[in-house]
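The same chain A turns up in both complexes below, where it pairs with chain B and then with chain C.
The block that comes next holds the complex of A and B.
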């Protein structure tokens, strides 16, 4: 998995590429926790390069969406690919997380 | 030869409900055998129970394919239970009760006995857990010992089609009613790498009969139950749940036995997709 972070206004965009699983989830957990510790609770997870997620990845997303919301922000998804969407649908995530076609739409949603 | 297992990793194979689609588990098993990945327990429900039992008993993939093609054909539902029509139309006169079922289950019992003989669940080479649903209380029942055919018959007791089946004093109906993908059983039994092969129940398309209407309602409820249980188990489990979700490009009906070879291929394909990660996970210290 490869992670990169950038800012767009008050929104932090975390791009997650490759596979989000038990071996890689701790790295994402650390990255998101660092953002939240720094008071940056408006987060977009760019999943356009994410090919796979297992339950370990789902747990990281869930923990951080809860933490972000408790700080008045949110963790929103962008560019979810079909393979990952299948798992997010099955696990009910699409009913609790906001998802957008691309990063621009997800970033813009924070202004609404 | 490398044996992909470790002291800390307990791999479970969980096969959900899905009638003929569950034959995809043969494809998954084929992949695991080829890669010498040891499974420490097999859990199955409904159609998935039939394949969980074959895998746990040690049937080779080809043998499992042949067995299931003999077992599950249109003929098993061809003979109607004549009394059931009377029970629907005149419940008082015919005596409607919890043993209602529109199909005569004589043939399915014969087929199950032909496939599994007098084996007991505890005879399985790999620990086997079969689930059904307690018709009186709605709870999941996990069967770990006793006559295998009886357990399977209870697990596949599709409401309205097959009458409930009594095992050890409990009236059992299809396992999908309590959990279409019983990952919880594997978690409870200590598995920390769970290969979960699940299937959504098909929607009916044209609703032109009471039976189709009933199945549509049942599918809606089962699919929502599948999602909510999967979400809960994924979140609650400390280990890893690896979803293995075969994609079928053609409609697979309840008794499309002739499509089993295709279904197996798709199961194999879905397993291959997860294989690189699974091997990495089993070789890791995480």
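The block that comes next holds the complex of A and C.
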């Protein structure tokens, strides 16, 4: 898995590429926690390059969406790929998290 | 059916007795190689991309749980064995380590609001969603075994049928049919019945719990076999649907049934019902009852 972070206005975009599993999920957890600690609670997870996630990845998303919302922000998804969407659907996450076709739409949603 | 499909089909049938075995160290670095091994093997065994994905994810979840909970701080090893059992993919994970009671793992409530959602408990849930069967056996001496099974929808993609025959009595045969009976293979079923008839069989039970699909050609085969066992002239099966009308309805229910079906899936049952074949070929819940009724 590879992570990269950039900002667009007041929104932080964390791009997650490759596979999320119990080995790689802690790295994502650290990256998202660092954003939240820095008071940056408007987060977009760019999943357009994420091919796979197990429940270990879901756990990190769930933790951080709770924390982001408690700080008045949110963690929103962008560009979810089919195999990742299957896991999000299976676990009922699509009803919890807001998901957008691409990063631009996810970033714009924070302005609404 | 295209040429490629029949080749793929033959490859699957050839591979079916093979077992693919590989051992992995119990470390999270092995999750990605485990997924690669499982995905590749499932495709070799005839699974499609959905099957490969489901198997990779379920095995990942299972291995993660074993590494975290069963091995604790010890470095264990897991051995994965994959094979195909008729139309079912079987994934077996063998390991030594702590046991647990799977019935005590609560199902996550997916409708709970976010704040009340417990973290975790999701791995087992995902395994059970993706697999048709998830079973644990714990044995401190011989090791623990997790067995997961998933029904592969092979027939719709490859149109193949497997027959296996048992002979419970000199005049009786049980034919297990798995896969699909369709225009490409119904004659194989008829010729199997002809062979048995020539060997002195006059009671045939078709055990069809593994038969996912039966086309009108399958119904034609049932009709032809009924006639064969009654000693009537076999219809020309090239006549297709018309053959279904050739049975002498007056005889239905008078002579003792010599052909019976056991355990059809709801889908096959509907086809039989629609074609009105349930009056002709009785259905029983198990082979024992079917054989007794025809004795």
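The definition used in the following text is that the second predicted complex is superposed on the first by the 112 of 112 C-alpha atoms of A that agree within 3 Å, B and C clash if a C-alpha of one lies under 4 Å from a C-alpha of the other, contacts with A are read in each partner's own complex, and residues count from 1 in each chain.
Going forward, a residue touches a chain if its C-beta (ideal position, glycine included) is under 8 Å from a C-beta of that chain, and two chains touch if they have at least 3 such contacts.
Model, not experiment: these values are computed from the prediction.
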item: Fit-or-clash call for chain B and chain C when the two complexes are aligned on chain A; value: clash
item: Which partner, chain B or chain C, touches more chain A residues; value: C
item: First (chain B), second (chain C), both or neither touched by A:19; value: both
item: First (chain B), second (chain C), both or neither touched by A:90; value: both
item: Chain B versus chain C as contact partner of A:65, first or second or both or neither; value: second
item: Partner chain in contact with A:110 - chain B first, chain C second, else both or neither; value: neither
item: Touched partner set for A:100, first chain B, second chain C, both or neither; value: neither
item: Which of chain B and chain C A:55 touches, first, second, both or neither; value: both
item: Clash-bearing segment of chain C, relative to chain B, as chosen among 94-102, 184-192 or 220-228; value: 94-102
item: Contact residues of chain A, present in both the chain B and the chain C interface; value: 19, 21-23, 52, 54-56, 58-59, 62, 86-87, 90-92
item: Residue ranges of chain A in contact with chain B within the complex; value: 19, 21-23, 52, 54-56, 58-59, 62, 86-87, 89-93
item: List of chain A residues in touch with chain C within their complex; value: 19, 21-23, 52, 54-56, 58-59, 62-63, 65-66, 69, 83, 86-87, 90-92, 95-96
item: Contact footprint of chain A on chain C as seen in their complex; value: 28-29, 31-32, 35, 53, 56-57, 60-61, 64, 67-68, 108, 110-111, 114-115, 117, 119-120, 122-123, 125-126, 129-130
item: For the chain B and chain A complex, residues of the former touching the latter; value: 198, 226-228, 230-231, 233-235, 237, 239-243, 245, 277, 280-281, 284, 286
